[in-house]
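Structures incoming, each one as structure tokens.
In the two assemblies presented below, chain A is common to both, partnered first by chain B and then by chain C.
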Partner chain A sequence: MIRVELVSLLRSRRTWATIALVDALPVIVAVLLAVTDLGPRPGTGPAFLSAVLTDGTLYPLAALAIVLPLFLPIAVAVFAGEAIAGEAQQGTLRYLLLRPVGRTHLLIAKLVGVMAFVVLTVLVVAATAYLLGIGLLGHQSVTASAPGTASVSGTSLSTPELVARTFAALGYAMLCMLGVASVALFASTLVRSPLAAAMGALALLVGSTLLLTLDAADPLKPYLLTRYWLAFVDLFRDPILWHDLVRGVLLQLGYVVVFLGAAWANFATKDISD
Partner chain B sequence: MKVIRTEGLTKRFGRITAVDGVGLDVREGDVFGFLGANGSGKTTTVRMLLGLVLPTSGTVEVLGEPMPARRASVLPQVGALVEGPAAPPHLSGRRHLALLDAAGPGSRRTGRAGRVDDALEQVGLGGVDRRPVRTYSLGMRQRLGLAAALMRRPRLLVLDEPTNGLDPAGIQEIRRLLLDLNAAGTTVLVSSHLLSEIERTCTRVGVLHAGRLVLQDDLASVCGPTGLLVVDTPDPHLAARLLVGRVEAVDGERLLVRDQDAASVNAALVGAGVPVRSLHAQRRSLEDVVLDATSRQAIA
Partner chain C sequence: MTRGRGTGRRWLLVALVALALTAGPPLARAVPTRPVDIDAGTLLGRVQAAEDRPWSGLVETTGTLALPDADQFSDVAALFGGSTRMRVWWRDADHWRVDQLSTSGEQDLVRTGDRTVRWDYERLQARFGEEPSVRLPRAADLLPTELAARMLRGAGPDDVTRLPARRVADRTAPGLRLVPASPRTTIDHVDVWADADTGLPLRVEVYDASGRFLTSEAVDVDLATPSEARVSFTTPPGAGVERDDVLDIADAANQYAPLIAPQRAGGLEADGSNGAVGVYGTGPEQVVAIPLRDREADALRDQLGVTPGARQGATGTRVTVGPLGVLLTGAEGEGGLLVAGTVTPPTLHAVARDVIAGYQYVGVPQ
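Up next, the complex of A and B:
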């Protein structure tokens, strides 16, 4: 089932269309920056965006910061929301279970499919951003052939260090998306309509983002889904600021365990009567 | 051997009891006709047999093993069509069957294309091209669903309204297919509202009424002769006078005669100069049996 799921994902035109859409935003931003040379002032706008004009190799991270808060999680919520509810609505769920594909196995296969989509999207975004970064942006670091890249704290990072930390940041972003996927997958086992499942997950996402801007929600904040999503920026401080990152990883794992557990508990004993 | 056996099978959805204490008994080699009005609980029962819906109470055994506990070992030997076929609309029928086959356990890649072609051939979709299922007609979808059920040469076929949407020729084709498969050893449980189809294919029938199994018997014994003869004659008065004491009813030029021996009745009538257009033993139609069983239950 996992193989079938992955093959279907890769062969689906929708997968690539979604990736192209998600990828379009950082491309547009890069082109605009390159044409106008007008970066946001340091400390404002999406993370890293002020730095990329001087160092294009940082653009993958800036691109990540652009798609992570909204674009990517929406796509993940839609894909994961459709996982079970979509099969149910289409009527194919019962035939998969009769094939027989075990219910737990089916959930795992669907989750693997969604995460494959996430990995693919993040890699495509990062790769395009890297090419754009060295092609269009960051004239200074390329021409001056500086020995390393400036960290957010101002000190310089060697290239291997930068590469390692960039991949760590990509991994962190994927973990955050696993949290969204778990919530949406749970919703997908709960309702009959894929749209409703995606909306459920998006409600949590938007609610979390909104509450983070509200002082009165302070006691809730450490537990909100999106609270530590942008903490990957801390990987580029010198030394690395672990505090938020560790919390972020633990919080996402918490969401994954709770919601995947709930999805499994619900789906394993559910009456399939669509 | 018992192929399907349920005891006290009950399913409640909130306040309504969809299936109520059903004790099905389907034996090896049967073509079992599963009948009942709309909403009587056929599909719900079928779903419970297959482990899709969990019973509120009661037990299910399929192919000798308890369901849903042993679905991993039971379901590979079962082909099913439950409440209409379903396939992803953007795939071709061929690709859908191949993917469904690949999704499950114990499916080898070698020979898969051949198996898909065989199954399509069996249901009369052999010539189907690469058009997506979205463009299929109702009957083509139904045939594709049947092909999916037949793919792995199951020992038991569970078909919920398989002839839905088929044209007369298609219905006949599927009837032949079921009879051939049955002759080759496949046990079949088929639910349908087409009583004439059930009458032609089934060896046993079960009738559900409001979730209860009100009849379960061999088709031959419920649809057997009623012990009456139907005599069609242009001179019913003379015939009635000759057969006095044995005539149950006169309906125009048709007489119902309580007698088992058609030959001697015929001889008596013809000998006395009564012209006989036709004379045959009356049989109960399945329709009568089903209506009878359900209305008796309704009064009780």
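Up next, the complex of A and C:
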């Protein structure tokens, strides 16, 4: 079942079209930066965007900061919202369940499919950004006396350190999207319309983002889905600031456990007529 | 029937897990602290003795004052009117590092003896300078340790009362309330919670008559002495290097204005300043007087003039924001004396009058 989902994902034109759309924004930003050589004013742009004018190898991180707050979660919500509700809308869910696989197994296969999409998208965005970064953006001189890249805290990061921390940041972003996928998958088991399922997950995202700006919502903030998404920047401080990263991982795992559990509770015994 | 029961059990399981996950952290915080049998005077002594104790950690501050956002003072307005996160490594008063964190970078301050380095990641720039004798408030001043030291300076056992202990940074922290006796201050009271064992201030809340306007809390604390390497700075590859002759407008006025401020103003004693800028009072009643050139004074006067509640008087333009009084003397094109502090309007005017009358003119520094 999982293999079928993965093959279907990779063969789908929609998958690659969505990835291309998500990838388009960092590409446009890289071209604009290269042409104008104008970075954002300090404190105003996404993380790392001002640094890429000096060091293009950081552009995968800037690209991640560009797509993570909005583009990527929208794509994930649409994909995960489609998972069960899409089959129900097309009338194929009943036939899928005629096969000798359990509903829990089907749910897991759908989640694996969504996560494969997330991994693929993040890797494509990072790889494209790296090529654009070294091709179009800053070339920092690396000498024997001053090797490496400046960390956010102003120390020097060696290339292996930078690569390891970049992959850790990509992994963290993927985990954040697993939280979104779980919410959308749950919504997908509730309704017949994939659009309604995606909108349900997006409503939670928008609500979370809005509440984060409100001082009166302070008691709720540690539980908001998007609260720690941008904490991947803390991987590039020296020493790494684990405070928000650990909370971010635990929060996303909490969302996964609760919403996947809810999806399982709803879907495992739901009457399927479509 | 069996299916309905199975569904119910599944949902019950999910609800229990959700409840455990959401209620767990608040319940853990609600665990009562261990009893701390210490009187207010002893705790005050312990807090004052811990003023320069080594520590490191993560600090969050929140200010609610909507200060006028004039160019030269925009950092101060942001500091007292918003949230700030800082990482701290503190060996002693002359060897420390405070990193001001944001989602897009860091602005760090490293102090080694009399020298300072300011690192700005987004500008990829290190600025070297010397610690001035007078300057505007900066993020490091809002650390709970620094804020408590400033507020409790000069306080005695009779000025404080005990507050119940609370859990701060996962430590038991007995509390202390300072109610200033002076009628000149606009600070209503200051609450400080300090580590029960070491006296290190972990949380400070500052109130005026209308409520709390400033909170500073250490959310993570390590009481081990940070290494020397942690409080040093080496410029990274590719970064720009600058040297600062002046830090801010207060430092510039103090160094270059051909004046010496009097040692007493508005009934308050000078707090160690000996240049053009006067700093008067101690603890919760402090006021600073900065002479401004017409260019800076005019810009600030315009900004103060459009601030809600601004009052034009014979002395100048006065604004009150929460507990902070700001008075700019003079008129357009004349320069002016900026007087600002946590004191009442009559004290503000008295300080302005005494400083202007008491200025000694000296030769222009070369």
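A few points about this structure:
Keep this in mind: the second predicted complex is superposed on the first by the 267 of 274 C-alpha atoms of A that agree within 3 Å, B and C clash if a C-alpha of one lies under 4 Å from a C-alpha of the other, contacts with A are read in each partner's own complex, and residues count from 1 in each chain.
The rule is simple: contacts are C-beta pairs under 8 Å (C-beta built on N, C-alpha and C of every residue); 3 or more make two chains touch, one makes a residue touch a chain.
Quick caveat: nothing in here was measured; it's all calculated off a predicted structure.
On the shared subunit chain A, the superposed partners chain B and chain C are arranged side by side without overlap. After overlaying the two complexes on the shared chain, residue contacts for A:Thr269 are found with chain B and with chain C alike.
In the superposed pair of complexes, A:Gly254 makes contact with chain C only, with no contact to chain B. In the superposed model, A:Ser156 lies in contact with chain C only, and not with chain B.
Taking chain B and chain C in turn and counting the residues of chain A each one touches, the greater count comes from C. In the superposition on chain A, A:Ala51 contacts chain C only, with no contact to chain B. Rounded to the nearest 10, the angle at the Cα centre of chain A between chain B and chain C in the chain-A superposition is 140°. Contacts of A:Arg237 after superposition on the shared chain: chain C is touched, whereas chain B is not.
The superposed three-chain arrangement places the nearest Cα atoms of chain B and chain C 5 Å from each other.
Within chain A, the residues touched by chain B in the first complex and by chain C in the second are 269. Across the interface of their complex, chain A is touched by residues 44, 47, 50-54, 71-72, 75-76, 78, 80, 82, 84-89, 99-100, 102-105, 148 of chain B.
Those residues of chain A that touch chain B in the complex are listed here as 1, 3-4, 7-8, 90-92, 94-102, 269, 271-273. Listed in rising order, the residues of chain C touching chain A in the complex are 3, 6-7, 10-11, 13-14, 17-18, 21-22, 25, 58, 62, 87, 99, 101-106, 108, 119-124, 126, 219-220, 233-239.
Against chain C, in their complex, chain A makes its touches with residues 42-51, 54-55, 65, 140-143, 146-156, 215, 222-223, 230, 233, 237, 241, 243, 254, 257-258, 261-262, 264-265, 268-269.
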